[in-house]
Structure formats: C-alpha cells, structure tokens
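Have a look at these structures, which come just after this line.
Common to both upcoming complexes is subunit A, partnered first by subunit B, then by subunit C.
Our next item is the complex of A and B:
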C-alpha cells in the first residue's frame, strides 16, 4: 500500500443555518491515503453524515462550510465550481449510501442506470461498449450479468447493495465514500460484501471512507479510523492501535458497547445520551458522560495530543500533564 | 424427547410444532408463504431463550404467534400447565396478556405520540390489571417507572414520547410490559433501533429485571453477540425452521449446524484482529413461498449430501444441552 495522500481535511467546520443555527461538525482534521480503508465511527447525531456530505460536496442548501479546507487529489476541492465538481463525480469520487433501495431508480433497469452514469461522464463511449461495461461491473461484484435487465425490486437487499458498489466503481474513482453500506443487511451478507470491497480495493487501488456506528465492524476492516463525538473527531489512529490502546474514554466506551460472541463478560456501555448540538456542553463535549472526568474537563476544551509516531491522536485532558496534576488536587 | 430432557427446571412456556402460513393473493392466483415451519421449544422459568436468525428467518413471526397478535396455522402452545387454545375469548385474552407481554423493536412507533407517559402506563393497568382505585394504579406506575431507571417518576409522567430520548422511550416500553407483572416477556430486537452507546444499558436493565422478578424471556435478535450476553439458551432459525438449539455456550462454542457456523464466522469480532473472513457460502436465504425440497439450507451448504436434497432433517440430540437438525449428525 502506498502512503501517498489522496485527501486532506483541515480544520473543517460545517454549520446548518436555522433558527437555531447548529454547528454539526467542529474543526475536523484528517487525511486519507491512497488505497486504504478509512473508518469514521460515531453515533447518530455525531456529525459523521454531515462530514461526508461536506466531503462529497452534497451539503443541503442551509448547510455551509464555515472554516477549514479540503485538498482532494491535489485540488482545492471546496473552491471548485459546481460544473468542475460534477465532472469529478463518479470519475474521482463516488458515494454508496445506506439505503440501496432508495438509491436505485425503481422504474429503469439496473443496466440503464449504470450506462446512464457512464455516458453522462464519457459521452464518446459507444453505447454497446457501455452496456458491456455494465455487465462486466456486475460480474465484478458477483452478480449474474443477466441482471442488467432487472429492476431494483427484483433483486435482494444484498444484490442491490452490490449493484450500488458496482455503479460507484463504474468510472474507476480514486475515492469511494460508503455511508453505512451494510447497516440494513444481515451479518452474512454484510461479511460477503465487506470481503468483496476488500478484494476489489486491493485489485483496483481506490480508497474507501467507511462510515458506520458499528465499532466491532470497523475494528475488523478499517486500516485507520476516526471516532466522532458531538461534531468533533475525538480520536484517530490505526486499527491495531485502537484495538489495543484506545485512549479516549468515549472510544473505550464505544468498544465496550459491543458484547463479544466469544466471551461472556459484563459490559456497561456509556451512561446517558449524546448532547444536543444546538447548545453543546462547555469544556470537553463528552464530560457529562465520562467515567474518568477531571475538574478541568467541565470548563476547558481539550487540545488534541499526538500519542505516537504513527499518528495516533486524541482530544482528551487525561493525556495532558497539567490536567492530571490539577485533577489529582481536587 | 430430547427437547424435554434439556430442561431441568419447571417450564413456563412450551411450544410444539408451531406453524404459520401466510396466503398472499396476487393477480395470478395465491401463494403460500411458510413463515414458521414446525418450531418446538421449551422455556424454563427464569431463563432467557434467544431466537437468532437473519431477516426472513421467521423469528419475529414466531413471537407474534406466541403473543397472540396473529393466529397460528398449526401447532400447540402451553403456558405453565395450561394449553393455550387456538382462539381466545375476550376474558381468556385478558388473562393471557396479563401473563405474556411483549417489548417491541421500535420505541418510536410503539408509543402513542399524543399521550403523556402516565397515560401510556395506565392503559395496560386499566385493561388488564387488577388494581381498583386510581391511587393504587398511580402507585404502580411510579414504582415501575423508577424500576426501569426513570427516576424520579414525576419528571417523566407528564412528558410525551417526543420529549424523551430513544433509550428513555425504550425504558417506557419495557415499563409498560412489566406493569401487569407478567411471567413471560417476548422481546423483539429490543435494542436494534437504539444508539449503540445505550444498547448495553437496556440489555443490563432487562437482565436485572429478570433476576429480580423471576421473569422468563424469549429474546429475538439478529445479533449473536447480544444473544450470548443475555441468554442461557439459543435457538437458531433459518427459513422458518429451528436448525439448532441448546445452551448458549454449547451452540456458540460447539456450533454443529453449518448455518450456525456460517453465522458465527460472519460476526465482526475485533479480538480476532484479522479482517473479516470470506464467508465462503454463496447466496442468500430462500424465498419462503418457494422453499426447496429437503433441508432448507442445502442450496448454500458447503457439506450438502444427496440426502439433504430429498429429506428435511429432524432434530437430533447431540447431548443433554444441545440439539441440531442436520443430516451430518445422523
């Protein structure tokens, strides 16, 4: 795997204008390397969907990036004009969304939809070639190519999601954004699809942003991952690192929220519920639910700290020496 | 038979050969959907039976039959020593619902949005309970709310469902089921619609209530890990049939049926520290209106034999605590 950077997000903030105005993503920074699976985890309302809407330039009209930058394949992605962005869709960046049923057009065939995307971006492609490409894409995701003539309702949930993945790969993009692509599927189908994404990715070399609330899944498949809470990235690191040395109490709580099949061990999850994003709590946004809270956490926003040379970083007062001293004097 | 030998304590619920056929009418005549096909199990007093399977396996239909929400096509049900007739009169139904209650999957849909929590909890008492005076009812409501962790009750009584978080709503749904002091609680995926960080608190609550009130649960889930966490017995369903069952440890640690093994291999498990395995079994569960002859799993089974294509296997005892319906063990 090459370590070349494909996408670099710096200090990104996104606000939805209300009333009330809600800052759904606050100062998020991360990068995605070529050929890696980058995981983005968090609960509903943590801002992960907003973050990828910003990354795919698909924010709704009342949402806007208020700070930060996104460098994508060497370009200033946020300042590209809409026609430039359109030209890059499918070819450089594509999206697989959670609900394949709602993403496929119910009244035209699967093949028509794939061919439509190909011809929209590469109008000089002969029609016959585009259809052959559609069949080849289905074969690639192990769907019988005869289904180019099928409609969405004739396919099972797993097959529909495979078709979505085939479409996303139709024009060989550099980055495929997958928003909860397996959440609506059964575990066996999920495993089949994950395996498929992995092997296609090794063959074709694209990068994946994999968004999910399922920490067990992410810890099984992502190369690196970021954990979001209340609009902020609270921890970022490699799979190995987070598996063994998760640093933020929220990350640890999230891992502890998933029982294991192989051992029966008492688990507590995380008490309380995520905060309102209209008025996020002062200090550390997690302090109200944190089992390791220090007095400083109520008032001071934690700085981000780097924990190792591999880029493992965390936003938590527990890892600042000053805070430890203050906490112990309470 | 084996299914009785596995129960050493007094059974509270017994189900034999339970069957449900839905008739679907379409333009070209009618089709029969075999949703539940001859399911037999015994639930011991104070224990938890997890019914595990993928969507379409018939697990939700199974507990809806037991809850008497839909009529069964065939089979028998005993509650305690009494056989439950196919049709219940009004008085019989009231007595049955006092003893058997259900917790629904979706806490957003299970509560009436129009009424305050006090009203939602008062209805089952008015319809099923024996408390006479309003004061007695009110005391019960306060007691059960505080028992499910919504204390002080006065904070929650006047609220409407939309004013509560998902976790709090699910606690109200649990309180509503428990307020009539049932013996058997049927829980249909009680945590799958909740935010991940609060799922454990609901599982732990169910576990505590079971211990304190000697409750017995039938816990329907697609998630083997939560089945492992909460249950003492597991029954695995595939295409409307029970394919394996027994003590939770036996079914997971010594899984016998190829389908159970497939399910276990597909569960994401960070402690394996390897990316998810290819579940080497193609396809998806069969259409319940066109079930194959023989074992319902034979089309996907890596170990299918000639016999599996002709004959549907009967349950076989592996030991006191474990049975399987598979020709490999015959």
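Our next item is the complex of A and C:
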C-alpha cells in the first residue's frame, strides 16, 4: 500500500484508574491510510472501545493514555489542547458510537442535532443552509429528508443508525470511527448499513475504522484489519492475508467462531473466557486458551514478527525465530 | 392531540369525582352537619333564615340524598358554596376569593422560585461535579431542608422581624385595606419577603438534590457524549442536551407542589398571620365551619387538578415522546 498515511498510533497504552486499575490497551501500534477501511476485531472486553476513545480523545475521566503517541493529519494529536481537539473533532475525525441507538437526544429533532454539529464548527453558516445540508445528508444515507423534523423515538433502529452515520459525515471528516455500528441491529438491516458505509466511503473517500467482534463481517468489508486480544493487538494485516493466511491461533479461532452476516457457519468457538484485564496472564496473554500452546508461551511475552512485505504482523511464539528453528509448532 | 383529548377527559372525570366526594364526605361523618349548624345558630338567628340557609347549601333534611346532590351541583355551578359560619353572613365563595390571591402570591411565588433556583443549582452542581459549588450547596441545602419548618419560621420571625426589625411581624399588607395596585406592590413585597424566604430556604434542597441526581444520570447517556464529541458549546450541551432531559422526571413533582400551593403552607400562614387559604382553613376547622371547610377543600382539590393539567400540557412541549402515545 502506497497511500498517504492519515493516522499513526505508536505504542499506545491506556489505563482506567480504579481501584482496581485496568490497563485496557497495551502498546498498540498501527496506522490508517487515507481512504481505507480499517477493521478492528476482538471479543467483547478486549479494549476496542477504549482504543477508539483514546483515538477520538473521548476517554472517560478515569481513563488516561499512559504511553505512546498518535500522529493525526500531521499533528501530535495527544498533545493538542482541549479547545484544539474540540475544533478538530468532527471536522477531521468523527464517531459513530457503539450505542448509536441511544446517541440521539430524545427531546430535540434529528435535524436540530445535525444542524448543531454544523453550526458548532461553521458558525457563519446561514440557518437555512444548515437545514438544507441536514436534509441532503439524510438523503445521502437513504433516509427520507422529511425526517429532519422527526424525533429519535419515531425512527427504527436502522434509521437511527443511518442518521448517526449522516451526522458523522456532516462536516466531511477525513476519518470516521465506527464502534460496532451494527451490533444492535438485525441481520438484514446490518447488511444494508454495511453496504451503505462501503459505498459512501468509495464515493467520498474518507477513511473508516470499523470496530466489531464479528470477524467474518470484517473480512468482507475491511481493507486491512487488526485483531485485539486482552488489550493487545495480536495480529494485523490485509484482508487477503488474513482471509487465507491468518497467523495467530486466536485470529483463526475468531474466523471459525462467528456466524456471518453473509453466510451461515456453525459456531466452533474459542474455549474458555477472556482473561482478567486487571492481572493479565504472564507470557502470551492467550496461552491459557491456545490450542497450539508451546511451553515458552507460559512464561515469555511474544515479540511482534513481520510476516510479509505488506506489513502482516503477528505477536505469537509460533513465529518466533527459535520456535521456527525447533519446528516445534508442527 | 389524542394525548390532550385524553387528558381533558381524565381531568374531567377527576374533577367530577372531587366534587362528588366533597358532597359525600360530610354526609358520612358522624352527626348531621345540618344539626351542627342548627345547634350553633340556635337563638342567634331566626329560624326562617336558618331554613333558607340550609336550602341554599343543599342541606335540606327533607330532600332525598339524590335531590340534595342535584341541588348541590346546581348551586356549585352558580358559584354558590353556602354561607360561612365564621364570617357570617359572608358567602363561602367570597371568603375564598379574598384569601386565594394572598396564597397565590406568597406560596405561589415561593414555590416557583424554589423550583427554579433549586433546579438551576442542581444543574450547576452536577455539571461541575466535585467543584466548589458542588462541594457545599447539596450539603447545605439538604441541611436546611431538614429543619423543622415551624421552628425555622419562628426563629426567622424572631430574629429578622422582631429583633432586627427588617421585616414586618406578620400580615400581608399595611393598614386595614388590601390593594393590589401597582403603587402598593413594594408594601406587598415587604410583607411577603420573609415568609417566602422561609419556604424557599426549607424546600430548595429537594429540588437541588433531585435535579442533581437526574443530571448525573443523564450526563452518563450516550447522547451527551455525542454532543460533546460534536464540539457543541458547553452551554448548549448543558441545557439543551442534559438539563432538558434531566428535568422531565421532576415535572410531576413540580405539578404536585403547584397544586398544593392553594392548600397554602398552613404553617407559614399561621406563623406569619398571613390571610391566605391555609389560614382560612384553620379558622374553618377551629369554628367547625363546615361550609367553609368544604369550600376550601374543594378549591384545593380543583387547584391540584388544574396544576397537574397545566403541567401535563407543558410536558407535551417538553417531551416529544408523549405526543405520539
């Protein structure tokens, strides 16, 4: 991939202060190119929303970035002041949150809420123009523009989600972060919305970070993706690579375990439950549930290995030099 | 519209129930109110007048209960609630009409001020949670709300009116004649200030605390996070997104307290010899003045219903969700 880099995350760690303290993201590194859909997958509780919150600088009061850096559109994003962040957010990076169902204010109209976003950043826009823009945005996500005057409770779940996507696109941002945007929806609506996101993205050229715990969904829409386990990115690569050569046993487990929107597979599932994030297991965080566990996995933290020139990388002892030499994973 | 129609119907039925109850209750009490009246008036008023009075109030013992009910309703529609015994020969309706404005002025103003100040303080307290205001206001006003009212009002009267002389010792106006003319308002304010203060001071804490709690719950909602993420001005998030939603659960409580304005803060009116409805009710009870008691209670019931109705209408404007119910 030779596209321009939009966002670069390096060694990012996030802690929620307790008690107990929880390090919900540990040393995450990845980058987002302009115009790509970047997927982020992992079981519930692995830190996806936390990572997203750090990226959008929306961590709750008890959460803080403890290490690492984020370069966003050439700026040192983590060191920008709150007013600067307020000015950039939504102009350059916007969010469709996990609970988009509850993301609309129930007592003011959908149009008011879109216009609010426009006027907050472009205060000189005439009111009429802002409302016309709101209608155009609804049309863009295939919601009848008359719904600018509707309230959240008058819309179906799918429509609310489309409204949230329209809202996120209101200022034509470079990057739209979508945190499990379809989890609460039924399968048919889910497929429609995914399709919508894909075609809007192709037309408008913004980048997307698409978070989900549905691996097969990701394999159908993301250009590249990262797999998270217990706060760490354990594998990252292009869709083609992960589709055919998923390296981490956890990734392979995920691919096998989730029924897809598009095809029905039987659930195989990964045995066991995710580990406690308060005291993550020593060695490889996945070793307790790993079907291909080596003795080294219990004690040594695996280094990250690059597997191909396209940037496919994995954090797993199976690919460490020693393990390869011993051939012990066969 | 369906919602409003349903409300109108509901309050219509409730009003009828209140009016009917007002008729039935005295007749269920031990002793016939007519006999009590007769006993009180014996020898003081001539029998013909008593008879006319009884008929006027629908207490004619020679009528069936249903006939009495019908003539009671008929009288009520014409605004006739009988003659007060305490203020004989003034009709009850006139006694009430004289007392009502004072209660509306004092208790009405105090209730509304308390609601607005308490709500505002709750919003600010929750918005700057842990800030300097939040660290004292909820505590202080919870304390003042737990003062026994009677004791506090007496202390206020003693210190600020009797000792310091900043306020009058009671009553609603100077001189012997009440006037609501503009020129007289400073005098009315002068008389209302201290009793109003005691009410606000001891009731504000409830509004503050409940609004603060509602705000804190609301501020955890996703639409607040989204509003912040969109970069909206703080004030807009605070009022249009947070407070607008947080105030909804408080509207019912506000409706109730508006309704009870008319019952008057009985204690306030007693302590400050304030000529409102609470004071009137006390007079009625002390003098076994059944017509006046009935009239006052009916007025209170109607006021509670009316206030609730108004707040229900207001609620439609505040919460679009009820419009489509």
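Basically, the second predicted complex is superposed on the first by the 311 of 330 C-alpha atoms of A that agree within 3 Å, B and C clash if a C-alpha of one lies under 4 Å from a C-alpha of the other, contacts with A are read in each partner's own complex, and residues count from 1 in each chain.
Simple rule for what comes next: a contact is a pair of C-beta atoms (placed from the backbone, for glycine too) under 8 Å apart; a residue touches a chain by one contact, two chains touch by 3 or more.
As the structure is a computational prediction, the values presented were derived from the model and not from experiment.
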Fit or clash - subunit C, subunit B, common subunit A: fit
Which of subunit B and subunit C A:117 touches, first, second, both or neither: second
Which superposed partner A:305 touches (first subunit B, second subunit C, both, neither): neither
Touched partner set for A:252, first subunit B, second subunit C, both or neither: neither
First, second, both or neither for A:154, with subunit B first and subunit C second: second
Residue contacts on subunit A - larger count, subunit B or subunit C: B
Touched partner set for A:190, first subunit B, second subunit C, both or neither: first
Overlay on shared chain A, then closest C-alpha pair between subunit B and subunit C (Å): 6
Complex contact set, residues of subunit B against subunit A: 54-55, 165-168, 195-201, 203-204, 222-226, 228-229, 248-249, 252, 262-279, 281, 284
Complex interface listing, subunit C residues touching subunit A: 221-223, 225-233, 236, 240-241, 244-245, 248, 318-321, 324
Subunit C-touching residues of subunit A, taken from the complex the two chains share: 56, 58, 86-87, 89-91, 94-95, 97, 99-100, 102-109, 116-117, 120-121, 151, 153-154, 164, 167
Footprint of subunit B on subunit A - complex, ascending: 43-44, 156, 158-159, 186-192, 194-195, 198, 213-217, 219-221, 240, 243, 253-262, 264, 266-271, 273-274, 289
